[in-house]
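Please find one structure pasted underneath; my questions will follow.
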């Protein structure tokens, strides 16, 4: 199967109630590895991810994958900041995406069980998902996104409300996924996390793409004054 | 879960009815009398017809007949019945039996109608003291008879004392009992009414109070769904000896309430059967 | 007070004696209403889910109409349905008048808007929670609706019981289209109406007590069933 990447954004913008909240953005997401989307609160990190994943429709401009949209839709997955837990058991939550794509019940359950074991949660497979701890729930949400083996994975501040232990587990899972060739786009405001994980950086400011580049170069020598100030810890707007 | 539900539903299915059925619209006053429970078993026995009684007011009974939704009607409103025949909803009226209307009121009898010499005088007395009076007000046979009686007394009842309630006979009696009001009722319903409270029967016996029940088979021309044959056989049976004995032998609280009636002076003669 | 005590005494006696006429009337009540609830749920619940997940032009108007229909007087439903099912009416050829089927249709008309409207409200909350996930997983419209129905099943159980309660106690419509024919279309509520009209208040009230026990019994049974499931799975 041919790759759905690159994804190109042409003059993409999003307005709500006559007010522009993002864009216009021209950007091409190709390559490999893990891109980190950073920027101050309100810069439009979540909105950009949701646009790329198709949860929002651009007010102007267009997004295009390398393949027709209907072929690209199913090759993506998304992990939200606060995980959506279906009112079902842990295993049923994991099996859900497989069931949606028509995999037989027993097969889906088996794959889900394997994933539960990989998360170290096989003992809690029959527990209602909402009874899990915060960290376990986010691990479950990540596994539920990975279970369909997407080509690209979006994550919107997945560790924002997690403790260090849970954050480390999530990052380990992401590292494995990246090493297996999955393209990952992660929005975060945790600069340590950005430094630990990023291959590429996308720096947003005030709804616009301010600077992009390889992670090493960006963190050592940002090209723009605003990026430099942001990295220093200043408030930038 | 679904299977269990379906099983329950299957268990609830009724046993299919067998034999010939006939739907007859009857008035509430007839249904409430108790005779309505005596006749169908005898009809089933003699004719093999399962008579299904649809219990409604006279107005609705005639509408059901006119629409061909029932095969026959048993009503007690001569004028309306004659109109029904005149426009061809039925071929003829057959007078089956009669009971009589009685005037019910509070035991204290504030209008003094128990001494009245005629129904018209009794109605006039109630109007003159403006004693509470409950009227069916539902275009039923009883209501139509009551309106005819007011008219015969030369009165137009109106005012706060006159309460048309738009309810069936039993319900209207309940209301009258609660209000200590006068009310016109058929004798059978009154005798079988089990909640009289302070009400008693105060006036009866004037020939204008006779209440003629008429059977009409719905015109078979209304369509093949009309069970004309069963309706014709029932018509013959209702005029026969078995029905005669059942009707005249039926008692409520030890009293005979139905009789095979002479012609009613207030009403026009019946059409020829 | 005497009548009320008498009513409880009579209710007890009727139940203990397993009076065949009473059993027939009770079973017919159950059959008519359970069938109506199942049909109304099959229409109303997916409709409620659809209204929650799909934005389209007439959506707000349909929701407003459904809410309005919740207040529809049963007698009006009965009269309208009578005119449709009468031999003179457009559906007269079906010969459904004065049959349990006509009563089922009447109850379906009465409770479908209630079930659809309450389902919509329940689904709206669930959809707010699930929307992003279901869109992200590219669930089709019917998968979205199926997910809402399955995950909202406990709320739907309560909604179904609400519909059952409304339908089992309904009399205005079914007495018109059913005709209250003994042994054919007489159910608990129409029997109560008849006994009230006859002035036999105690018997009428006794039948009312049985009706209430039926509704409470079913509710308890279903909730027990739901709890058994919860203990097993949750």
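A few notes on this one:
Order of writing sets the labels: A, B and C. Residues in every chain begin at 1.
Just so we're on the same page, a residue touches a chain if its C-beta (ideal position, glycine included) is under 8 Å from a C-beta of that chain, and two chains touch if they have at least 3 such contacts.
Since the structure is predicted, the reported quantities are computational estimates derived from the model, not experimental observations.
No other two chains have as many C-beta pairs in contact as B-C. Of all chains shown, C has the CA centroid lying nearest to the centroid of every protein CA atom.
Computed from the mean C-alpha positions, the centre of subunit A lies at a distance of 46 Å from the centre of subunit C. Here the CA centre of subunit A is 79 Å from the CA centre of subunit B. Remark: subunit B and subunit C have CA centroids separated by 33 Å (rounded to whole angstrom).
The set of subunit A residues touching two or more other chains is empty. Residue ranges on subunit B touching subunit C, taken from their complex, read 1, 5, 8-9, 12-14, 17, 23, 28, 31-32, 52-56, 67-69, 168-171, 173-174, 192-195, 222-223, 225.
Residues of subunit C touching subunit A in their complex: 129-130, 132-133, 135-139, 143, 147, 151, 233-234. Those residues of subunit C lying in contact with subunit B across their complex are 27-28, 30-31, 34-35, 38, 86-89, 92, 95, 97-98, 100, 179-184, 194, 196-201, 225.
Within the complex, the subunit A residues that touch subunit C are 53-55, 73-74, 76-78, 80, 84, 86-89, 96-97, 100, 126, 128.
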